[in-house]
Structure formats: C-alpha cells, structure tokens
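Paired with chain B in one complex and with chain C in the other, chain A is shared by the two complexes that follow.
Right after this comes the complex of A and B.
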C-alpha cells in the first residue's frame, strides 16, 4: 500500500506539470491584463505601460514567462496580483473560506444522502422511498441559483423582517462573517461562542443551499448502489446463514455498496475545493469561486494560475484518496 | 414405506407472485418428503419452479410471494412461521448451497470470517473458537492447508474451492437438511464429480438429508434415491432414480433423458425437446407439457392429467401412461417427432 501511495505521488508530479502548462496556455490567452491602462483617457504614457509590462513579465516570450513562473511557484512564490498583492495570501484566505463552506456542506450531504438512499433501497417502493426518490429528483434537478435565491430572498430576508431584525439579521444573508467582527476594540467578540455564533449565522444559508442540491445526488446514488448489492448472491447467502436482517443489510449489502459511494464522494470533494461559484456569489462569500470569477473578469494571470494550481492539486490528491479508499474497502484491488 | 419418520415434508406447496402482468404461479401443489440420509433429486428446466421451491423451504422468498400448503420440518410448520423462529432454523437446521460460488461469497470478507459468521449466528463462540471451527470446516471439505487458507479472500480461491467453502459454510452447524441448488453447474466437469462425491460423504457423516436441485440429469444419476421431475411448477413424475431413468412414464422425463449427452456413441445426435416451457402467467388449461408433447391430444389440452401410480412410489402425471406402457421403446418417443 505504501509503495503504491509513493508511486502515485510521484506520478502526480508530471501530471501537475502538464496541468500547469495547459493552465498557462489558457491563462495567457485570457486577455490583456493591461487593457484598462492602454484604453485609458487621457492615454497612459508609453513608459508607464512598458514598466507595468516589465513588472508583470508581459514583455518576455511565453516560454520564458512560463519557466520563470514555474521556478518561483516551486519555491512557493506565486507572484503578485495586478493590484500588487501577494497571490498566495489571497488564495490561501479564499481557500479557508471555501473549506469552511464546503466541508460542512459536504459532510452533511453525505450523511443525509447516504442514510436516505440506504433506507429507500431497503424499503423499496414504500411511501418513504417514493417520497424520498421524488424529493431527491426534484432537488437534484433544481439549479443552485434557484435554491440559493429562494432561501435568501423568499425565506431568510422575510423571516428576519418578520421577527423585526431586518437591520441586525438573525440569519445573515451576505458574507462569510461580520466584517471587523473581532478587533482589539471589540474583544468581547473574540471568544469561542460569539465567533461560532457569527460563523453559524452566516454559514446557515449557503450550507443549506449546497446540502439541498447535493444530498439528493448521494441519495439517488446510494439507493441505486444498495439495490444492486441487496440483490446480490452474497446477500442471499448471508440471509441463508440465519443472520439478522440488520446484519445482512449493514455488514453485507451496505459494506459493498459503500465502495462505489465512497469513490464518488471523494472525487466530488476534490472538485469542490475549486469553490462553489454560484453559492459563493449569491451569498457573497469571498472563497475560491469568487477568486476564479474575479481573476477572469479582471484578467489577473498570476491569481488565475494559482487558482488552477490549487484546484489541480486538490483534484489529483482526492483522486489518490479515492483509489486508496477503494483498495482499502475492496480486497480484490491490489495496489502493490 | 420407510420406518424412519420424514425430517422434512412438503405438502401441496404453492407459491404465487403477484406482478403487474398478473399472478405468476411459480409452484403449483408440490409434495415430497425426505428422511435422514435421503438424497432427493429435483430436476427440470430453468423456470420450472425448483429454485422457488427451495427458497420457500428456506423462507427466503420476497415478502410479496404468496405461499400456501405446508412445509413441515420435524414437528414445526414453516409456512407462516415467525421471521425470528425461521432465522433460528435457517442455516442451523436447514442450510443451502447456491449455484454460483463466484458470486455467492461476499468479496470483501475473508473466507474464514464468513465461515465464522455462519457458526456464530447460531452458536455462542468467541472469535478464537469460531476461527478454529472455520479451519476445521475447511479441512472437512478438503481445502488443503486450511489453517492458512482460512485467511484468504474468496477471489483467492478457485471455483471448486469456493464451492467447497460454500458447502463448509452450509454444514457449519451440522444441518439436518442440506439444499443444494445447482451446486455444480458453474464448475468444471472434473470438479463437479468431486463436489458431488463430497456432498454424499458429508451427508452420511452428518446424518443429513440432501435435496439436490439440478437441470442436469447427469448430476443426479447414481446418487439420488428419489427423484422429482418438475415442469411448469408441478411435479410431473416422481419415483426412484431407476424408475425415472429406465422406466419413465411421462413424455417430459423422456425428453429430458433424450437431451442428455451420451458417451456410448451409438445414438448419434442429441434429441432436444422442441419449444420452450409455457409462460407461468398464462398456463395452458390441460397438461402444461401438451404444446411440446408428441403424444398430446384433445384431452391433454383441456384436462389436467391426474397423478397415476405406476408402481409403488412411481407416480406420473400423464394421460398416456397406458400408451407409454404399451410402447416397445418409450425412450425413443421423441425420435419420431423430429423430421
């Protein structure tokens, strides 16, 4: 197992390298970062433009730009944004915001989704199954935009108004936290309880949005997976031993259904690190999704490259985790 | 008949499955008895109801199935028994070996673990004792180096070894009745004989009865005491192996025998039965075999044939038993039917 992990990590290095080349080609073709400067009226002096071009390395040929970006990136320096801020600071901050959102939402979705899926499969064609399957199908087909906006405008804002807290909303609809919440002038806000309360009131809506749209997928997936294993010969064998139905379902059917479910979940996780773009936009969270959108609209090459890099690492890492989990769960897969 | 009381007696067993297209009558009035050390062969084509019969005995039919009649194990009625009471019998008193050993074992658990699970379902053993019992069981069914093989996963076993392990699992609690549903169908011919031989040996050691379900008459030849030929959910002929093999009095049994490859080399080609079994949703009014039978006449198509006793214990459900009796070579019945 260990040799497999080391081998896979070694293989991911050229993979990342390849991904960085593709990302770089895409990024340098996104547009001209200095377009604003060039089209300004009155015109910017040519010397200023030349200086900025030099600072951003735009005057060099693409290959040279790539090599210089890569050498720095390997040493942990992802350069500066066009606003001259360190890129890594911005991305690591955004990563933290996204993780806070995605981690909770994903864990909840998995727990709720898998539980519902398993019960639906065990009680196939019962009222529970029909309700859950139909509900999951409806939510699964709804766009994030609709779910998010509904929660925000139709439910939360009205609720806040109705309980008379429109100015100091109980359920926060904007941002990942109250700005300047914990400062030296407001030390009473820095304790665990006020900080957690502030986080939860902000995280409620976006988390709920993500859970509503993604638990449905897991429910449908685990239901299908469970139905398959419940009809497997080895489950019949387990029953023929005289085992309790509970043991048959959990130890035999669910244990096997878990293999495919776990793979899908870990792959999903990797993809979520790139940010929940729509959810972050609706609730104005400044996470990875917003970084992506802003770096594209403002044509910020270094920021965009760093986003690509972090996302690529996450996807590759979670692919590896999926493989390891799969091998762990299925003895037929031999990794060495 | 026999002085020993039957250990399992099935009387007038019927199983129906309601479906959207109508009621599927999978088993229609099957009766038989087995005594300790008996080997009962149930033969018939796929879909004739033989597996459903065995699942009914095991209490493993889906809850939608409508089971009527009686299945008595010793003094206990199994039709309509409480689920918990059935669980105590299943795997303990009546155990089952399934057709495909490739899929019948859980791929994610070690063979020894699965054996131990079967033991511990009915006996209060700690894991060490259960493991020792697993090794002993694997040894009994002829797995070499059982002490190390016990830690293998099913995929590390060959097909024959897996079926041996499945049999070990079935005999884990010294059952009184062992149902083997096509136990050798998925195996190599050379392995088939070994497995059958082992089943017979185990039966004698355990003093158990075996119900051997198969579509292959070659498998049951020589090892069964009694045979049940099933067609479209009914027993169409029953008797000793000799009765069925040498004096069959039901055209379907004759057809099955003709479909058996012979190595004598004198008979030339195989003589399959033309056509296919009827749909269980839409059974013919009379004899279910009539559409495929060379002897079929008007009576066959409209009146269900009665059970006719030919000799003691040899019963056939055919209108034309007399005609077959009169034939010089009833076994060649199907030869004339083919052009």
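Right after this comes the complex of A and C.
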C-alpha cells in the first residue's frame, strides 16, 4: 500500500509540472498587463512603461520568465500582483473564504444526496423514487445562475422586506461577512455567538445554492451505484443466508455502493477549490472564484498563475486521494 | 443508416428479440392462419420507438424546436430590431417600459427586450452548436485512435487528456478569450470546444477498447481491411449511440458554460451578444426592472432542461439497461 501511494505521488509530480507549463502559456496569452498604461491619455513616458515592464518581468523572453517564476514558486514565492501586493497573501485569504463556503456545502450535499439516492434505490419505482429522481433531474439541469439569482432576488430580498428588515437584512445577500464587524470600537461583536450568527446569515444563501445544485448529482449517482450492488450476487447470497434486510442493505449493498460514490466526491471537491465562481459572483464573496475573474479582467499575470497553480495542485491531490481511497476500500484493486 | 458490411452482431451493443430464421419479407403461415401480423423491427426502429415513447424527451424536443424557431425565425418577423432605439412617446408616464402588447418583454435602455432576447438565444444556440461539432469531432478522433491502437499512442493521448483535465475548463477559456478583439462569439465557441472534448474522448476510447476485441473486427481484419476502414466502417457505427448522447449533452453544457463566462464579463463582447451577456447587463436591475434579467434566465433554464431531457431520452433509447420507460 505504501509503495503504491509513493508511486502515485511520483507520477503526479510531472503532471503538475506540465500543468504549470500549460498554465503559463495560457497566462502569457491572456493579454498585455500594461494595456491601460500604454493607452492612457496623456501618454505615459516610455521610461515609466519600461520600468513597469522590468518590474513585472515582461522584458524577458517567455522561457526565462517561466524558469524564474518556477524557481521562486518552488521556494514559496509567487511574486507580486500588479498592485504590488504579495500574491500568496491574496490567494491564501481567498482560499480561506472559498473553503468556508465549499466545505460546508459539500458535506451537506453529500449527506442529503447519498441518503436520497440510497432510499430511492431501495424503494425503486415507489412514489418516493419517482419524486426524488425527477426532482433531482430538474435541479441537476438548472443553471447555477438561475438558482442563485432566484434565491437572492426573489426569496431573500422579499423575505427581508416582508419581515421589515430591509435595512439590516436577516438573510444577508452580499459578501462573506459584515465589513469591519469586529473592531475595537465594536467589542460586543467579537464574541463567538455574534461572529457565528454573522457568518451563518451570510453563508445561508450561497450554501443553499451549492447544495441544491450538487446534491442532485450525488443522489443520481448513488442511486445508480446502489441499484448495481443491490442486484449483485453477494447481496443475493447475504439474503439467502437469512440476514435481516437492514443488515443486507447497510452492510452488504451500501458499503460497496459507497466505494464509487467516495471517489466521485473526492474528485468534485478538488474541482471546487478553484472556487464556486458563479455562486461567489452572485453573492459577492471574495473567494478563489473572484480572484480568477479579477486576475483575468485586470490581466494580473502572477495572480492568475498562482490561481492556476493552486487549483492544479488541488485537482491532482484529490485525484490522488480518490485513487488511494478506492484502492483502500476495494481490496480487489491490484496495487502493482 | 448503417453500412451493410458493418457488424453482423448487435449494432449498438444491446440485445434484440430473437428472430426466427426467415428469409426477407417472409412471414410464418399464410395471412389467414395468423391472428396478428408480425412486423420485423430494425434496430433503428426500436431505438426510435423507445425514444418517442419517452414523454419528457418528446415534450422537450417540441419545446426545443419552438425555441429554435423563436431564436432564428423570430427576429425576421418581429417588428422591432435588436438595435432599434425606442423614444419615449410624448405624454407617456414612466411605466411605458413595462411589458405591454406592443413590447411583451418590456423595454430596457430604449431597446425592445423581446428582440434582444431572441438575438441572445440565437447567439447562445449558435455558439453551442459550434462547440458541439468541434468538441465531439476532437473527442471522437482522440478516443478512437487511443482505443483502437492502444499501447504507446493510447498512453500518450490519455496522459494528454489527463493534463487537459487538470486545467480548469472555464478559467482556461476565459484567459484566452480576454485577448480576443473584434467578433468574439466564434472564438469563444472554439476555445470552449478546445478545452471541452476530454469527457467524450474517454467514453469513445472505452467503447473502442471493448469493440476492437469483438469477432466482427477480427473477421474484418482477417480479410485484410485497413485500420481506417475498420475504425470508420466497422467500429464507429457501433459507437453512434454514445456519440449522439454525448453530442446532445454537450449542447446543454456549452450553453451553460457560455452563459457563465458572459455573465462574469469574460465571454462575448458587443456587438455580439448571448443570453449570458443580456443577464450580465440586466443583473443590476433584477429587482427594479426585472424584464431584462428574468426572461433570458428563463430561456437559459428552458434550453438546459430540454437538452438534458432529450439526452436522457436518447440514453434510455440507446441503452435499455438503465431504462425507466418500457417500450
């Protein structure tokens, strides 16, 4: 098992290296970071432009830029943004915001999705199955944009108005937290309870959006996976041994169905580290999704490169975790 | 149509009713002896029958067809054009921009929203169709070569596929799209296709890996058929099912991806438009003047739902193992 894990990690390193090259090619083709400076009226002095080019390393050939970026990145230095802030500070802050949103939402959608999927499979063709399968299919097909906007504009804003709290909304529709919530001037806000309440009232809508969109996928997937194991020979054997139905379903069918579900969850989670871009935009959270959008809009090469790097690491790491989990859960997988 | 020299075994990998060994057109007994007529059903007829019996898919097909008419034929007949600036009529109150018989979707910034939404839907569908054609072509070619030749070619192509999957799809497209000047919609479609073929390639590779071991391929090889002939004439027709299903779902995915990017301001730019672009422009007024926002959102939902239902119906029709509707 250990040698399997080590081998998988070793295979991942060249993949990450190649991914960083692709990311670099994408970044240098995003556009000219100094576009604004060059087209400004009155014209910027050539010396200023040359200085900025030098600061951002734009005066060097691409290969040299890549090598110098890589050497620094390996040592943990991701350079500066175009506003001269350290890139890593910005990315790690955004990563924290995104994790707060995504972790919570992912756990909830897995719990709800898997439960619904398993019940649907056990009671196949019952009214529950039909309702759940159709409902899951509808939600699965709806655009995030529509679900998020509906929750924000139609439900939350009206609800806040209806209960007479339009100015100090009960359900917050903007941002990941109240700005300057806990400052020395407002010490009463710094306790655990006010901080948690503030977080929850901000997190409710984006979390709900993500859960509504992604639980449906897990429900569909675990239903299919569970149906497969319920029809397997070993489940028939378990039944014919006279085990209770509860035991057959939970210990024999569910455990085996879970193997594939766990892999899918792990892969999805890796993809979410890049930020729930649309959800973050609709509810104006400043997470990884916003970092991506802003770094592209403002053409910020180092920030965008770091974003690509962090997401690539996340995707590869969770691929690895999925592989290892699968090998660990299913002894039939050959490790060599 | 399937080429006559394709596989003698089941064409789309599914079991059919065992047929009595009869010559073409011959039926058992004379008509007077039989109490019912037996009509031989070809595989495509069976699939078509299964598909037409899938109610949500059929309803969706009709709705999708109407959407296409709305998007492509509607602008020719609607009395207002998308770029026609409307002046406030003298004596009208501020409600003149609200929906009315003259302007069913209302008016926004002096433009008729219905005309705008028609044009946006048209661009969204156009982009999605280009993405579908290009990404399915790349995916099928990569998958076929990978699965058929196996060995080094396969490993190389699949490692490349893995690499493309590591780079987040929307981010890559947005980064390249940022630099496009002038007409943007075709570039957006091409970028979306360039980063969106990997799923199809993996499915087709799987199909090829299993089909290439079948007896009919061995038979073709033994009579000296060339590799391209085996790939295109013998194996490819048998993978039409998954290709059609994936192509359908690719349309839905492309519409949503395009809308997401344009909504973020990273997709199409004026003078081009799309549903996502209209939504982006309208989002600041979502609560006060909701027309420009909710109509395109509704169109987006309709396209996504209908395409997914059609895809689901096709999958059931081609692969009766996971069937929910009896046919």
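Simple rule for what comes next: the second predicted complex is superposed on the first by the 334 of 336 C-alpha atoms of A that agree within 3 Å, B and C clash if a C-alpha of one lies under 4 Å from a C-alpha of the other, contacts with A are read in each partner's own complex, and residues count from 1 in each chain.
Rule of thumb we're sticking to: a residue touches a chain if its C-beta (ideal position, glycine included) is under 8 Å from a C-beta of that chain, and two chains touch if they have at least 3 such contacts.
This one's a predicted model, so the numbers in the text were calculated from it and none came from an experiment.
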> With both structures lined up on chain A, is it a clash or a fit for chain B and chain C?
Replying inline: fit
>> Which partner chains sit in contact with A:316 here, chain B, chain C, both or neither? Use first/second/both/neither.
In response: second
> Counting only touches as set out at the top, which of chain B and chain C does A:99 meet: first, second, both, neither?
Replying inline: neither
>> After superposing on the shared chain, does chain C or chain B touch more chain A residues?
In response: C
> First (chain B), second (chain C), both or neither: which does A:108 touch?
Replying inline: neither
> Regarding the shared-chain residue A:327, is it in contact with chain B (first), chain C (second), both, or neither?
Replying inline: neither
> Which partner does A:146 contact after superposing on A: first (chain B), second (chain C), both, neither?
Replying inline: second
> With both complexes placed on chain A, how many Å separate the closest C-alpha atoms of chain B and chain C?
Replying inline: 8
> Do chain B and chain C touch any of the same residues on chain A, and if so, which?
Replying inline: none
> Along chain C, where are the residues that touch chain A in the complex?
Replying inline: 159, 162-168, 170-172, 174-176, 178-179, 252, 256, 259-260, 263-266, 276, 279, 283, 286-287, 290, 293, 297, 300-301, 304-305, 308-309, 312, 322, 324
> Where on chain B is chain A touching in the complex?
Replying inline: 58, 60, 83, 87-92, 95-96, 98, 100, 103-108, 117-118, 121-122, 153, 155, 166, 169-170
> Can you list the residues on chain A that touch chain B in the complex?
Replying inline: 232-234, 236-245, 252, 255-256, 259, 329-332
> Inside the complex, what are the residues of chain A that reach chain C?
Replying inline: 15-16, 18-19, 22-23, 26-27, 29-31, 133, 137-138, 140-146, 149, 153, 157, 224, 271, 274, 277-278, 281, 292-293, 296-297, 299, 304, 307-308, 311-312, 315-316
